[in-house]
Amino acid sequence: MVDRDRLVSLRRAFHRQPEPAWREYWTTARIVEELETIGVDELYVGPDALNTDERMAVPPAAELESWYERALDAGADEDVLEQLRGGHTGAVAVVEQGAGPTVGLRVDIDGLPREESTDEAHEPAAAGFRSGTGAMHACGHDGHATIGLGVLEAVTESDFAGTLKVFFQPAEEVVGGGKAMAKSGHLDDVDYLFALHLGLDHPTGEVVCGIDEFLAVKHIDVRFTGEPAHAGAKPEEGENAVQAVASAIQNLYAIPRHSDGATRVNVGRLEAGNATNIVAEAAAMECEVRGVTTKLKDYMDERAHRVIENAAAMHGCESETSVAGEAPSARSDDELVDLVGRTAGGNADVERVVDRDALGGSEDATFLMQAVQQRGGLAAYVCVGTDHPGGHHTATFDVDEDSLPIGVDVLAGTIEAVADERP
Amino acid sequence: MVDRDRLVSLRRAFHRQPEPAWREYWTTARIVEELETIGVDELYVGPDALNTDERMAVPPAAELESWYERALDAGADEDVLEQLRGGHTGAVAVVEQGAGPTVGLRVDIDGLPREESTDEAHEPAAAGFRSGTGAMHACGHDGHATIGLGVLEAVTESDFAGTLKVFFQPAEEVVGGGKAMAKSGHLDDVDYLFALHLGLDHPTGEVVCGIDEFLAVKHIDVRFTGEPAHAGAKPEEGENAVQAVASAIQNLYAIPRHSDGATRVNVGRLEAGNATNIVAEAAAMECEVRGVTTKLKDYMDERAHRVIENAAAMHGCESETSVAGEAPSARSDDELVDLVGRTAGGNADVERVVDRDALGGSEDATFLMQAVQQRGGLAAYVCVGTDHPGGHHTATFDVDEDSLPIGVDVLAGTIEAVADERP
Amino acid sequence: MVDRDRLVSLRRAFHRQPEPAWREYWTTARIVEELETIGVDELYVGPDALNTDERMAVPPAAELESWYERALDAGADEDVLEQLRGGHTGAVAVVEQGAGPTVGLRVDIDGLPREESTDEAHEPAAAGFRSGTGAMHACGHDGHATIGLGVLEAVTESDFAGTLKVFFQPAEEVVGGGKAMAKSGHLDDVDYLFALHLGLDHPTGEVVCGIDEFLAVKHIDVRFTGEPAHAGAKPEEGENAVQAVASAIQNLYAIPRHSDGATRVNVGRLEAGNATNIVAEAAAMECEVRGVTTKLKDYMDERAHRVIENAAAMHGCESETSVAGEAPSARSDDELVDLVGRTAGGNADVERVVDRDALGGSEDATFLMQAVQQRGGLAAYVCVGTDHPGGHHTATFDVDEDSLPIGVDVLAGTIEAVADERP
Amino acid sequence: MVDRDRLVSLRRAFHRQPEPAWREYWTTARIVEELETIGVDELYVGPDALNTDERMAVPPAAELESWYERALDAGADEDVLEQLRGGHTGAVAVVEQGAGPTVGLRVDIDGLPREESTDEAHEPAAAGFRSGTGAMHACGHDGHATIGLGVLEAVTESDFAGTLKVFFQPAEEVVGGGKAMAKSGHLDDVDYLFALHLGLDHPTGEVVCGIDEFLAVKHIDVRFTGEPAHAGAKPEEGENAVQAVASAIQNLYAIPRHSDGATRVNVGRLEAGNATNIVAEAAAMECEVRGVTTKLKDYMDERAHRVIENAAAMHGCESETSVAGEAPSARSDDELVDLVGRTAGGNADVERVVDRDALGGSEDATFLMQAVQQRGGLAAYVCVGTDHPGGHHTATFDVDEDSLPIGVDVLAGTIEAVADERP
């Protein structure tokens, strides 16, 4: 039986202490504490839970350290923290319950670097569990971590025969953690994988059995390096990084549309030069490309690199690019979509079961889904509806806590059914 | 008689305490202290020395305050400082010595925001008067301020008949202070004006009687404001400030060359956007235009505004521009050039007198020259040679202190001669 | 009963005499001749068949006249020709057969401005009915005109109760004729409309009951006008149309992608300037925008105009745009798709019935479909498969003449059924 | 003694039959006819007068042939014409008159591809010697050819001791003929070279002894080749030559200004693409770069190539460039300027002698001047003033025929003086 109060209390604890990507020190320690209370067979944290070389978009050391200190001050367990130091957050919990398939559940745990509303109409503000860190759980990952723990507990108490692995993944918001977890080795024996999201404009009582049309994405950091010169006295001696970046931008947005489907490109951050009267020797640009399939993302990526290299060369500059985040596209498998549908359909609190819906955004759970599917396994990305007053990523986002037990029931039920039916 | 030791000691004091544009608190206070020692008939400081509304490129209040505190800590006179608060630096000193013309001398007093060399081959480092503020007198304005005081003292001790005004101008390096001083009212009765620069690649013992070919310049700060949007989910809802700024840059550099003479354009600073996956709603750009005549600068300015406005409109953005610094072009008058030449020619320490040379850069002394010339007066910009190991604005720039008494003698002598001859 | 030989002979006659958009003089006269032979109740040609003010992409008078002369030389009826003079091609034929609905059939009749293959493997070349005009029926409109006549004859011989209108539309290849026919008034009482295409990569024996995903399109001719200047002597006096057009191009391709679906943009033709050493005073550009819905096309159109106007203004030029062709998007109605499917399913020569397919290109039959649908009528765009050795618009395109009687049977059958069932 | 009437009659004959660059068939034949009448020691025409491999901007064969036919029709000598066929126009005439230096005189002979005014106020129209070819002598080369013949005749009748070579150069207007003549071998023994221009805004009676500040120039033809694609159906398959050319243009104009002096860049002609709905596979661009020194022109040339290559590569295109015309900068030598001044000063019809003036444009006489100067010889470019109602290159340009005998006298006199003084 799912204990709603406990789920709510847990979710509020997470909500009060949101930590952005790779800074989920307190959050991971709290998850570990809960897992130890519940009891698991194996527990991997920090470098043991991830392929640390595959982490993307890791912030500078000083930034990591300041959140580490904050986690310490907030009372996180020092021994656990020590293992996570340097941005090795996240955990993998394993429960072995006899012969049967290995089933995975992936939940993400990071918050967003934005302020939370102080409006009294905003429940967390009114009820006193508003963020205390300056960051915010504005995308429901507090609920995801909670449901991950709830499902694990529920499965341990059930007749489930097989192995359950719950992946508490860091750094989803920067599409920086999925690949590192997918390449941790822990996915290698997973036969069935579920990933989970609350909300996505679906109300409480609605369940979407399979989310599709993830936009594959790649975040690219670019640095142009040229030669400085005095803009009045010797303009001809400069190799102008500002001109290089401007040429790149104009031509990046102009990459041809593709007849196979949707593509995207954006230059979201820009910084260049030191002084008005100096030809800029350096410019930095943060951009992204997307495609509704991984292949379309690769098309955009290849064209983007062609533009960047030639924009640099055109102005006598060097360009350097690095991947700051990435996720492929994915599709939920029919067999699991069907099973989720049947389980959800049998749940008294579920009023409407939707077969499939399109995400139209990006998500790095797709790295884990791809890993399982490429080995012949099955995967599905399930949406558990929740009434949310503000939109995702806004200051007034909140989840309806009634959706927490629904999420635990539907997913735990589906996991048990998977082990029975082995579709 | 000019006292070399006193000039050197004064120059080193200034060198030790360089302050960038509009932050010359300690420097102004020290100048005031000297002026009071010498004795002047009128002394204007802070808002009384400038038309404060015409100041350009004034830094934010917090930045000003931190230098104010530093000046206090360094022992500057509190009463004087209080008058300067909020970036009202600089001073005008007046000496009245009987009937005769009004002669002006303009010297600039600000340092540059750069580190000074610690190399033992760098005399200030070796002799212990290296900068203690993090900024640096890397363009000789410590010497200019010193010569300004030296000339004032020398003139008071001479037979000069007339009125002498010495303008200690702040914020030359950002071409931000010249206009404010030119419009202070203190120029309105000046019949003859001299401005002064040390070095400019001329060695000690050389004097250039008239510097010309100042590039008229305008620094323009631009802000593009559009509409943010999620780059994956709703790219069409954005009005992209990054695209606007890129279009502007490409077309600014492409403003047609002009057959009347040299023009320049540069975008030296750029900053835009908040996140890789958000269509940028804002972009800021710091650019400049120049021309070898004021008219050519105005041509560039007009075309630049046309580009900026249409680049913004093309991408659904607003653009806002503000002038962050400005200086016209100017030409030294033949009559004064001739007089400087004769005076310098009669000076035993001057080995070579050069008639005229081109600056090929920008300077806002031109605002003061223009003010005098437009009223029918005469003006000249004089270069007093000095051996300088490093180039202007580099970490190893230094002046040969032997040039200080030469500067005082030549200028004081010329000022006396001007009063006699009234050319 | 459909007479295959007669259809083949008619199609070959059309194939031998292809005429590009608005030059279908001989073709229209030949259609009129056939219609008079068959016998129709009403017949409208030239200005009576079209709203001539709504014609787009009409070629210059001299070009029209040279094709007019050619038609005369080829033996077209002079009286008919006289009515068509000046690019008023096309015809509408009406058959009234008692009480019942009004059903329309639209076929297009223009050829393409390209050479036809002389290869012996190319059937028209081998069998002696290769184009004699320099243009080519490389998209099957010879077959369309033939089927239009065949259907009309078949319907007159059937039990069809109602009114049949066959629209022989000119200038589809330049999306220039659809609007003029849609606004002719002849569509105003049409209850059901069918349009037809052969091939589209579907083999003989296949019928697609409803084609969808027409890309709405707009062809825009743009002219930039600036000021000439000698590029060496007075570059600043120019207002450079070449710079304007380059800015426009760079930013047209960079119009943001839209989350509602596919969009397109292309600059396909460019011409500017007179001499290497003259700043260009004029530039002409032919471009197009598309969208998978009419709304998306409008989005692209609006953004394109914003880019064009501001690119011109940025460089001191004027821009003038004119619509050179246009077509909305459309969707085939379920009721008619269903009916086509049933009719085709009952045809012995039809091996495979496909419910729906996407065009992924543009077509101005959509203007006629839209006109009918907006008045509450139903419309469907039917594809009759045909083996075609070369792709559409290539030199070796040809239709399998076995598909002609299939087309006549399926469409005539459907039209009779529509009158019976009135869906 | 110079015969004014003969000069006038000759000039009007040339004026009536203007031929553009490399098409000067009739003109060359007429010059040869005159030279044979006067009598010369050596005469080189066609391939013997030029290094034909170094010709630039030669028009297509068909264009050349149509002017060849026209020359035949106009009665030119067939034997001479035969030698010129294929665009080998121009001539070199040599007169040997005893021991002495070799002196060269270069005159250009081509017309411009523009219509001549029919206004009665335009003397050639009123007096009946307006152009009969559709081209126009709108830059005075009819007068140059005339003066060249007049000087040759005058020198043969004088005491001149030495060798005189007169270079009748084709294709100056496209800066296409100078290099071919400079590399013909005929310059290799020239000790002193004069070149000549009428007008240049100097009135009749004025002589400028040395023209300077020629803008070195290079005309570059560029072809971008990509891949075509259907812009609606498969935009991603294109490699877009229109995008390549737009990127190139934007960045060509944005090549940094140079502190050493004036530079120029222009894209004067543009043509691309075949159809609105096809991604353009080809684009052609005619551009030029200039600099007030040859070095500055080379700077622009190098940067232009960098832009062009990378603009192509950025869009998956190839670029091909070819030199369509070229000329270096040059300076008239003091010794000759002085001599021209003295001779002109002694001429009763010369009212004003100007030492030097700047051209501010381009001229390929500089190739010949450079060839002589690099071997240690001296060269000067002389301007003989003439009242001209319309500006150079306009429809109402005309020369004051009084300037013809002045030109002959001053140049013949200078050539004699050179042989005497050997400066």
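Observations on the model:
By letter and in written order, the chains are A, B, C and D; residue numbering begins at 1 in each of them.
We adopt the following convention: contacts are C-beta pairs under 8 Å (C-beta built on N, C-alpha and C of every residue); 3 or more make two chains touch, one makes a residue touch a chain.
For reference, the UniProt names are A, B, C, D = Aminobenzoyl-glutamate utilization protein A.
For clarity, every value in this text was computed on a predicted model and none was experimentally measured.
Path length between chain B and chain D in the touching-chain graph (shortest route): 1. Ranked by separation of Cα centres from chain A, the top chain is D. Distance between chain A and chain D, defined via averaged C-alpha coordinates, is recorded as 69 Å. Computed centre separation for the pair chain A/chain B is 52 angstrom, with centres defined by C-alpha atoms. Residue positions of chain B touching 2 or more other chains: 233, 235, 240, 243, 247, 250-251, 253-254, 256-257, 259, 264-265, 279, 360.
Chain A meets chain B in the complex at residues 215, 217, 219, 230-233, 235, 240, 242-243, 245-247, 249-250, 253, 264-280, 283, 286-288, 290, 324-325, 360-362. For chain B in complex with chain D, the touching residues are 250-251, 253-254, 256-257, 259, 261-265, 360.
Chain A makes touch with chain D in their complex at residues 233-236, 238, 240, 243, 247, 250-251, 254, 256-260, 279, 299, 306-307, 310-311, 313-316.
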